[in-house]
Structures are given as structure tokens and as C-alpha cells.
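The first chain written gets the first letter, and so on, giving A, B, C, D and E; residue counts start at 1 in each chain.
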Amino acid sequence: MNERIKEILSWYGSDNPGTRTNLARLLSHGKLGGTGRLVILPVDQGFEHGPARSFAPNPPGYDPHYHFELAIEAGCNAYAAPLGFLEGGVTRYAGQIPLILKLNNHDVLHDDKDPLPAVTGSVRDALRLGCSAIGYTIYPGSSHCVQMYEQLRAIAEEAKASGLAVVVWSYPRGSALSKEGETAMDVVAYAAQIAAQLGAHVIKVKLPTAHLEQAAAKKVYEAEQIPIKTLSERVRHVVQSSFAGRRIVIFSGGAKSDDKNVFEEARAIRDGGGFGSIIGRNSFQRPKPEAIKFLRTVMGIYAGEIP
Amino acid sequence: MNERIKEILSWYGSDNPGTRTNLARLLSHGKLGGTGRLVILPVDQGFEHGPARSFAPNPPGYDPHYHFELAIEAGCNAYAAPLGFLEGGVTRYAGQIPLILKLNNHDVLHDDKDPLPAVTGSVRDALRLGCSAIGYTIYPGSSHCVQMYEQLRAIAEEAKASGLAVVVWSYPRGSALSKEGETAMDVVAYAAQIAAQLGAHVIKVKLPTAHLEQAAAKKVYEAEQIPIKTLSERVRHVVQSSFAGRRIVIFSGGAKSDDKNVFEEARAIRDGGGFGSIIGRNSFQRPKPEAIKFLRTVMGIYAGEIP
Amino acid sequence: MNERIKEILSWYGSDNPGTRTNLARLLSHGKLGGTGRLVILPVDQGFEHGPARSFAPNPPGYDPHYHFELAIEAGCNAYAAPLGFLEGGVTRYAGQIPLILKLNNHDVLHDDKDPLPAVTGSVRDALRLGCSAIGYTIYPGSSHCVQMYEQLRAIAEEAKASGLAVVVWSYPRGSALSKEGETAMDVVAYAAQIAAQLGAHVIKVKLPTAHLEQAAAKKVYEAEQIPIKTLSERVRHVVQSSFAGRRIVIFSGGAKSDDKNVFEEARAIRDGGGFGSIIGRNSFQRPKPEAIKFLRTVMGIYAGEIP
Amino acid sequence: MNERIKEILSWYGSDNPGTRTNLARLLSHGKLGGTGRLVILPVDQGFEHGPARSFAPNPPGYDPHYHFELAIEAGCNAYAAPLGFLEGGVTRYAGQIPLILKLNNHDVLHDDKDPLPAVTGSVRDALRLGCSAIGYTIYPGSSHCVQMYEQLRAIAEEAKASGLAVVVWSYPRGSALSKEGETAMDVVAYAAQIAAQLGAHVIKVKLPTAHLEQAAAKKVYEAEQIPIKTLSERVRHVVQSSFAGRRIVIFSGGAKSDDKNVFEEARAIRDGGGFGSIIGRNSFQRPKPEAIKFLRTVMGIYAGEIP
Amino acid sequence: MNERIKEILSWYGSDNPGTRTNLARLLSHGKLGGTGRLVILPVDQGFEHGPARSFAPNPPGYDPHYHFELAIEAGCNAYAAPLGFLEGGVTRYAGQIPLILKLNNHDVLHDDKDPLPAVTGSVRDALRLGCSAIGYTIYPGSSHCVQMYEQLRAIAEEAKASGLAVVVWSYPRGSALSKEGETAMDVVAYAAQIAAQLGAHVIKVKLPTAHLEQAAAKKVYEAEQIPIKTLSERVRHVVQSSFAGRRIVIFSGGAKSDDKNVFEEARAIRDGGGFGSIIGRNSFQRPKPEAIKFLRTVMGIYAGEIP
């Protein structure tokens, strides 16, 4: 284990050795293993957006085996999915890649301005499936945020006692926020901070824009002249807002987009001190060989092999 | 242990020796140890107001280690923070200062006229992190007050059985109160009383103004000519409303303010029989050397070394 | 133990000996011990109305010790208060007077036409504090009545299994009732019946007026010519409505009032077969010597020493 | 993951994916990772034989850090030790090698013809320390065997539900066996079978001699002409007795011995279809560089690099 | 907190911050606070030997308050006693000295060659009494050792999860050992190792003689020429046997003895790298002023102030 990984683990000094072992697994696996950077494949869109929207662009993705293979062959650090998708393939691929069981999920058959995901798995499930971490989504800004935070508290306590790592998707959303506000600089930084304060080991947020949503925050950003003009600066500010870089922060790729954009974003994340990406639709919605090539390019950027 | 500390502990005669030991720790540590006065550093603003509003004025504050160091170097009696901030540094600073785990928190990404904080930690967390006390916020006046009181009841019962002390932030707020009413004399005194009746060992309220909010109360204040003109008189009335001084009452510093004001307030708290201050933004939002000098001045006022 | 106490205890034949022992303690202590009558000191007004409204008229009342002393020196049968007030003095006065822990409380910082008190203590608290009974308030007529009745059910079940007595404050209130209706004859009798049916050992109601609130009830009162003209007749009807006198029913004194009125009411309670009074503000809002003299007069009336 | 490892994992089809993941970890780590062979470093001799007998020949072994380093540097598949030795170093080496928490241990300060080890750790300990497996010793032939089997049953049930692998040390011993019988062919094969029937994933036995202990068994061995003349044949028979090779069987190295013997034994294990060795005293009782060279030679034999 | 204390705490890296905080308390209190050495006052002799044998030589010792005062006034690091003795004084002295609740005890009204102490307190007791650690005695060599080890395992797991430290008295005794063997070099080193492997944070053993009890061990001591001639060498070997000095080992004073002997022993413990003494009878069986002078001399030796 190299010094960078040891340094990252040292930030989690209050955690038990089991949790640190599982964090080490996430950081040591795949093409980026040992670099301190991560690229994770998440596939919860079947639940979150529906199967056709998720998998029709690349029909092999309807098959749970497909995503295990994609993540393994591409050399991702980990694969994250809900209970069913993991159960649907884990036996065949057990031990081949660290797994993250996403413990809550939300569908859009009943959508809501103030969403509340359902808890769809348990820490016991994560242990029996051999996962290294549990994943949990919070929607700061939702009127149901109290319920989400309290569920996460209980789940994280159990996960940590069981030696698992806790990955929190922190996505601002709800009646209190404008659409633009969901990715506003101040709001994303705040969402990262909330996840960190709730005890997340790994924090996942969206890439922020330069928009500032909350008046009281805007005043401070302007008075203190916090640099947020470039994406790289904004990433740096999110990392700073996650305990001055003492927590792993990764960024989601979002909807399918032009490859050049994704690569530019990866560079900005890298240069801003971010720890990596969690890339779903941009990878599994294209044929596997292309997806692997695409993911390898992103990894190459993080590894510094591609400028 | 001097007579003053023994006298204070004697007020908690129905508590078990574990809780009294932890109260003794809070009262014995730091520059004010043994004086019966306390200055506590609380840093929950990252959660409550967001990271930039909290830490941009003094960026080292983004780092959880910073606040442990500030509290230790300044000689505070204790450091209070949510789960994440404690987990982020406790291993390095274990045993160097009494800790208070703030067990509920509220963010302003979804704010509400009638706020309800989320429970973000547990008594078991407080034990495993080596805390001396748990902290809990109630908002008397909120339509959710019943839920908060009942959560506090259950948490306090468990904390007391485990030998921990219970610190209650009692902040009137909600649709039943005017903005001015939140710091009205009658309302703050009432909030202190409610915290005491709920079994708090240490009560934290805001400094009250001379405003009287509730008609029925106003009649009594006028009829009985309760002296509330000076800040010192109002502090005395809050202390009286906290079981005639048989409970430790401390006052929050509020938003960043002119130093002279803070010192004047400390003098008023001291002269009115208050037990001390819990000072967050006024201390951690300036460079550490200045913060230490500032906190030492406040402590000097409480210790009677500065008139 | 005299025959009257044995007779009263015989009404509680389905209760375990522990509960009967604690009922015997309430009936055997103080100046009225052994008479079958009770005068109880309740001090929950600090929580229910706020500290200044409660204690400013007689400032020693801010101190939790004061009320223990008042109840003991006056020779009351018991002292009833919320958690904080009991914890604040119980160690010093343990064993000197039967205690009733009031397990739910309501404040007026957030008031409501349909009030729901918060549960602020537990049966475990009552045991560890050495109480003889728990107290619980229901508001028949509130839209939250189901929640209150169900909480009471669970608490009473636990209290009885632990050998404690159950005292129910039954105060009609809520959007379903007119202000006048809260003390209407039919409504108060109904409230007493509900408390008795919920398993209360001791029922506390307000003194009823001759007003009849509910049309269906009014028809019966008039058809059957139930005598309710004098206060004494109305008391007799409440006692009758509490299982034909097989439950202890006591009456609250209400807001501070002219002494002569209170004595007249005590005579009416006595003559109507009521079991006594629970007198808070009329006693603790005057200097202790006067309060003791006042309480002794009420006790004298119940004891038949004063006509 | 290569075909051999997948084949081995396929034998454990009734186990949950978590257990299979942890078996995969044992089979994938270190110099022999992926070969289907294992060399494990066990250090429980401090407890089993005392510190001086164990560590005086190579005093750095008194230090719990030493054995983590030895196992990691030599490229062992796993390191197995009791609670104290794991707790004494795990934080520093978390994530660097699969760990096996030995859950029961026996000392010789009170020895017994019919030994009963004490349970000295728990499955919860194994999870919080980040272990891949728990280890447990049974002594078939001891009068306490029922207690050991039943303890193992309960522990294995919990371990498997938690996704851990179960390694059973099966050492015939007790008043029912002669000294020679403890390593008799029939007895060792029987011990392996018992461990397999009790649900062990990995079975550890001593190398058997050609002696046959039990008359009824001897008759069959002779009638059926089971080939047990060479060590390699005897290993093959043990593997056969462990569900026809569907369970991983490894062999213990025993007391310090001539290196050539150990290498010969490794060849016999390899050629007889055994899965590897668990080598304690022969490795940690010599200076680290020599130990590493020694272990590498054993691994080379298993890997087929050394004939 | 100085570097030595931080170094000692670093050995307990697998423990949670709560346990490390309580270890820090033991190491930071009293005259030796911060030196890395400890002198602890244990008073369990009233239970273990009877009251007259224990307290008649200095009758104030019958009073539980006496020992709190002795430990506090002498500046001991901690005071250790069974439930009753702690309950008998803890409220008065809460917060004045770290406490160790001895959770099992043995009396000699029914003695046994193979003793089994009774569990006489719980981890919950330790929390409610405000203790920093629990104490537990094992008798390696007793035929009941399995039961003791297993009780300790369960108690230590609960204590560690609750943030307490675990102190193990490891006293070889039982039918398997000669009287001389109980303090034999090999046996004491073995007893220290067993306590460490069972997860003790602090180990207490008797000072060993140069006698070697077990034949198998003797052979090794002689072959490896382990230096054990002087007491200081033997202490060094015990420290080595306790994870190469990564566990705190302290030595018991034994029966009342000549002061010069005790001082000589303290010098040998200090020079051999031992961490201190736990001195009962030699301190509390003489008048308090003499006891304090005596304990201060021992502390002076450990502090290096007395050569």
C-alpha cells in the first residue's frame, strides 16, 4: 500500500479497522488502484428513470451481468447498484470488484417536488452480498430531508459497526430550491458539507455551476472573493467544503453528454483536487467496447497519463 | 476540586455519579476550570448555515482539526460539534478536551417557519467518541415542538443512564412567535424553564432583549415589576427561571459582532450570575491567534481578571 | 390502616399489590392521611404557563426545593411535578412525601386550539426517582385525543406492571368544545368517565358549572332531572360518573382566586363526596407561611374540623 | 479471476456471495493468488504455548506488528491470529492482507488430556477488524467435543450470515486417542470429514502418518486397500475425505523442523492435491529475511516453479 | 498532551476514541500524569481476604470514603475497587480521580485450589458510576480458566464498544501450578501474554521470580539464554511478553512488606521498562500521612526524581 492510500486512510482515524479495510479496497482496485483517484460505475437508473430510458440505448444493459462485466473489464474501482441488480449477478462475479449496495432508491412513477427515496436494502444485505460499502442518497432541500438524514444516521451507524464504508449521494432537490439552484455553487458545497457532517466516508455530488442560489451565501462568496469562475476552482471549493479535503469527494457524470465535455470535466476534477467520478449513463448507454475505451480515457486523465 | 464546583455538582443530586463526573469534567477543564464558569466552542454552523458562510471568513476552519486545536489552545472548557466534525479529528485529539456531540442539526437548504432538526447522532456514538455530554436543540414555539421534546426525552434518558451530561440549546422559533419574540425576555426565560423541566443539565439560550412577547406574561412582568431593563438584570432573570440558579445556563454569542459588544455581553452575563458563553462564529471566523486572544479576554472577564 | 382506607383500596382489586401499596401511600401521608381525602400540591405551571407567570408572584417558587418544602410542611398527601422539577430536589427530600411524576406537559409558546402535550418523562424515570404515581393529562375534545388516549394506555400499562398508581388530569378542551363547554356539567362528567374507563386510579377534573354543552346529553339531564343546581350536587354527579364513587376523584383549584371561594368549593367537594383538591397556584403563589395556613384551612374543611 | 478460482468458488454454491467474496480474497492475495493454493501465516502460539517458547528464538516476534509485516512481505495469502495480536497491529496494516480472527484458544498453564479452548473473540470482532474469515479449533476425540462442535455451529452460522468464511483447525486429541493416534491416517481423515460436515469452508489438519488407530476403520482400510503408504497418498486421502476435494484442505507445519523436511512435505501436499500450508513456527521463529526466503520456497513449490 | 502519552495511545489504534480518551485519563491524572507511568490504588481486599485482615491494621480503611481520599491526596493515577466500595463514596468524589470498577471478585470463605471469581458488576455499572475502566481478574492455570476467559471476552467487547478501557489482573493460580510456579518467570510472562491476547489494554501481573515452572519453557529460556537474573531483567521480559511493550503492564505490590523492598521493586520496574505499580495493602494498611509519604516516594522513583 503506497503512501497516498495510507494518507487517505489516516483521515478516517475514528473508524474501525474493518471500515478502513473496505475503504482501502475501494482505493486499491482497478486501473486507478493506488492513485488515490476513483472511477465508479453506478447503475441505479433502471429504478430511478425506468428500464427503457436507461437501457434501450444499449440493450445488453437490461442484463444485470452486463454491468458487472463492464465495471470489471473497464477496471473501475467499484460497482454500485440496488439490491436486485447486485443479487442478479453477484454470485458469478463475487470477489472480482468491490461492490456498493445502494440502500435507497426513488422512482418516477410517483415523482414529487419533494422526493423521498425508499429504503430498498439493508446493511445485512450488504454483508451477505460481500459489499465493501453501502450507498445512500439524501436530497437536501426536500421537505423530507429530516427523514432521510435520520435513516442515514441509523444505517451508517450499523454499517460502520459492521466494518463497511458509507458512500452518500448528496443531491440538492426539493421545493425549497430552483432548478438552477440544484447545481449552484453554494448549494453543492453545502450538500457536500451536510453529507460529511452526517458521517459519510465518500461523498458524491454533481458538478456545480457558478450560480449562487442563497442570498445569505451569495453575500459571503462575494465578500470573501471565493474563486469559483472555472470548473476546477469550483471543484476545489467543494473539496474544501468536505472537511478541507479530509473526505473523499467524487462527482457524478450526469446525463449522457458529449465525450469531450466529460473529459474536460474529468480534467477539471483532477486539477481541482477532486477524487474522481461516478459515471453511469455515459458509460453503459453505449456498446461495451466503446464504453471501456471511454472509461479508460477518463481513468487515463485521472492517472495523469492523459494530460 | 474546589467548593464552587462541589456546590454546582450538588444541584445534580438526582443524577448518577457518571453524569456528575462528566459535569465535573466540563467544569474543571481549561482556563476557566474550577471557576464555575464555562466558555465552550461550538461549531455546527457548517451544517446549520453552510460551509462558505461559516468558514470562508477564516478558511482553516473548513478543516475539522482546526476547531479541536482552537478549543484546546484557547483553553475552552469543551468543544461541541456534529458527528462528522468530531469523527474527523477526535482520534488525534482524544483526551485533550471534553467533547459534546450535537445530536440534532438543521440546515437551511430546506428552511421552515416551524423548523424540525434531524437527529444526526446517537448516545452510542457519544460513548464511542469519548464525549462528556450530548447536545440537543429544541425550538419552543415550533409546531414540531412535541416531536423535539419527545426525542430529547428519550435521548436524555439514555444519555443519563450512560453517565453522560445533557446540554440543551433552547431557541424559541416558529410560526407562533414574531421575529422579535424569539429573543423576548418572557420567551427566553420560558425557553430556559422548558429545557430545565425536560431534564437538561446545561441550558443554552440567546441573550434576551427587554421586549415582552406574550400578553399574559407581559401583564405579570409589569404587575410584579420584574427588573429587566439592563442586560445583566435580564441574565439574572433567565438564571432565576432556570430553577433559581440550580441549573447551569450559558449564553450564545450569535453572529459575528464587534468585540467590544461581546465583552460587554460577557460582563453582563458574569454580573447577572450567568455561567458563561458558547461562542462560535465570533471565535472561529478570525485567524487563530486573534481568536485565542479574543477568547482569552472573554475568559478573563469571567474569571474576574478583567473587570 | 383504618377501615376507610381499606375500603378505598378494595375498589382497586384488579391492581397488583404494588399499585395498591402506592395508593395507600398517597392516602396515608400528611395531615389528611387516613381520612380518605387528599390535598395534593401540583407544580407544572412553569412548563405550562412559563416561569414568570407562575413564580414571579412569589419568587422563592422558582427554586425546585421550595415546592418540596411547601408540600411537606403543609402536610399535603403528595407533590406532583414534571421531570426537571422533581430531579431538581428529589435527592434532598427523598422519602419525605409521596411523589407524582407528571409524564406529559404542554407549553404555550406554541399553543393550539387542539393541544397535544409532549411526553416528557417515563415510567422508568418515575421508578428511579422513587415516585408513587405517574400523572398524565388528556384533553378530551381535542382532535389529538386518540393519540393521548393511546399514549396513556401504554404508559398506564407499564406503570401498573411496575406497581405505580396512575393519576389522570382529564381536561376537556379543543376545537369541538365551546369555552363554556370545557367546564360544562355533562362534559366534565364525561371526561371523568373517560379517565376511569382508561384505567385511571385517581382522576382529576375541574369543578363543573351547571351549563350543559351537548344537546343529546342535555335532553337526558332534563328528562331524568339529574340534580346539578348546586356545586355540591354537581360534584356528587362527577363522583357518580366515576364508577359510582369507586374511583378517587379530585378537583383542581384553577387560577388564583379569592380564598373564601376556594374554601366554599372545598366544602362543596367534601359535601358532594369528592375526595379532595389539587391546588397549585392558589398555594405556591403566596408567601410560604400564608400558603401553609391556607392549605391547612382547606385540609381542615376536608377533615371536618372546619365546618 | 481465473478458471481455477472460479472452480473452487463453485464448490461453495450454498454460501452467500459475501462468503464467496471472502474466500476469493483468501485465494487471490499474495504470491500464490490465483493458483488455488494457499500459504497462511498463523500466530497463535503466544497463547497456545506461551511467549518465550514462541518468540524467544526470534525476539522481534514478540511485537504484533512483526507478523503482519512478515505475512505481507512474504506474500502469504492471509494472516491468522487471536484478538489481541490482530488488535495490536491491524490499524496500521488494514487492507494489506486478508485476516483470519482465531476465535478460540487454549493455553497450557492449565492443560488437560481433554482440552477445551476458550472462545476469545466474536464474529462482531471479525467484522470490525476487517477480517475475511474466522478461525476455530475443534479437538475431535476430546470429551468436550460436543461443546466445541456446538459452539462452532453457532459461530459459523453467524459468520456465514455476515459474509465471512469459516476456517476450522481440526486436531484430534483427547483421552480417547493414543498420542500416535492423533496423527493416524484414519483419525486425521475422520477429523477432516467432521470439520467438513460441520460446515467449514477451509479445513486445517496435521499431516497424517500411516498409522491406523481405530480397529473398525483399520479393517476397512485394509480390505479396500486404500493407498496410504506415501505422504502424498495420505494427503490425497485426506482431500478425498473432505468431500472428494470440494473443500479447501490445508496442512499445518507443526513444530520447527528441518527445512528440507518442510519442503518435502509441501511437495507431497502439492502432489497429493492438498491446497497448501499454514506455517507458523517454521517461519516466524527465524530472522525475517530467512523466513521470507523460506516461505517463498514453499510457495515456489506450490506454484510449481520449484519442482 | 505530551509525546510520550501520544505514543502510548498510538499502540491502541484499533480502539475507538472513547477508549483512547479513557486511557488518556488514566495516564494524565495525578502526580505521575504525563510521565507514562502509573501508580494505582486497588482496594478489593475486603472482598478477597475479609475486612479484618484488610482493614484492622488501619481501621479508617473500613470506610469507603477513606480510599477515595487516600488515592486523591496521594496523587494516584486511578482508584480501583468492587461495586460496593465505589458506590459507597463515588458521589462525593465524582470527577476527582479516574475510577476502575473491578467486575469480578473472589472470597476465601469458600476457597478452592482452582478458583473462579464471581462477576460482581457490569459495564452499565461502570458507565453510571463514571468509571474510566473496568477491571477483571483471570486465573490462568485454574481449571475454570475457560469460563473466566469467555466472561472477560464478552465484558471487554461491551466495555470497548462503550468507550471504556479494560484492565486485566492476570494471576496464575490453580491445580496445574505449584505455589512457586504462580510467580515463576515463564508463568508470569505467559499470563501477561494471555491477557494481551484477550484484548487487555492494561495488564497487571505479580513480579516474577527467576524460577522456571514449565519444562518445555525452561528448555527455551536456557537455550536462548533469556536474561532473567535480576528483577529488572525479569520485568523487561514481562514487558516484552506483552506485545513487545505495546501494552501497558503494571505490577502488583503484594502483601505488606518492608518499604525498602517496595522501593527496590519500583526501581526495578522502572529500570526494566515497566509502567508502574498497583499498590494496595502496602498503602492502605498504614495511617494516611504515612501512606501518602510512602506512595509519593514510589511515584518519585517512577518519575525519576528519586534515583
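FYI, contacts are C-beta pairs under 8 Å (C-beta built on N, C-alpha and C of every residue); 3 or more make two chains touch, one makes a residue touch a chain.
Small disclaimer: the values here were computed from a predicted structure and weren't measured.
The chains that touch chain A as well as chain E are B, D. Using the mean of the Cα atoms as each chain's centre, the chain most removed from chain D is C.
Look at the contact of chain B with chain C and you find different residues on each copy: under half of the numbers used there are shared. The rotation relating chain A to chain B, fitted on Cα atoms, amounts to 70°, rounded to the nearest 5. Averaging C-alpha coordinates per chain places the centre of chain A 40 Å away from that of chain D. Once the centre of each chain is set as its mean CA position, chain A and chain C turn out to be 58 Å apart. Averaging C-alpha coordinates per chain places the centre of chain C 56 Å away from that of chain E.
Shared interface positions of chain A, i.e. residues touching 2 or more other chains, are given as 14, 16-17. If each chain is drawn as a node and touching chains are joined, the picture fits none of the line, ring, star or complete shapes. Listed by chain label, the pairs that touch are A-B, A-D, A-E, B-C, B-E, D-E.
Contact residues of chain E toward chain B in the complex are 1, 5, 9, 16-25, 28, 90-91, 94-96, 124, 127-131, 161-163. Considering their complex, residues 11, 13-15, 140-143, 145-146, 149-150, 153, 157, 172, 174-177, 186-187, 189-194, 196-200, 214, 216-217, 220-221, 224, 226, 237, 240-241, 243-244, 246-247 of chain E touch chain D. Interface residues of chain A facing chain E in the complex, by the touch rule stated above, are 14, 16-17.
Residues 46-47, 49-53, 55-57, 59-60, 62-66, 82-88, 90-92, 105, 107-112, 116-122, 124-125, 129 of chain B are the ones that touch chain A when the two sit in their complex.
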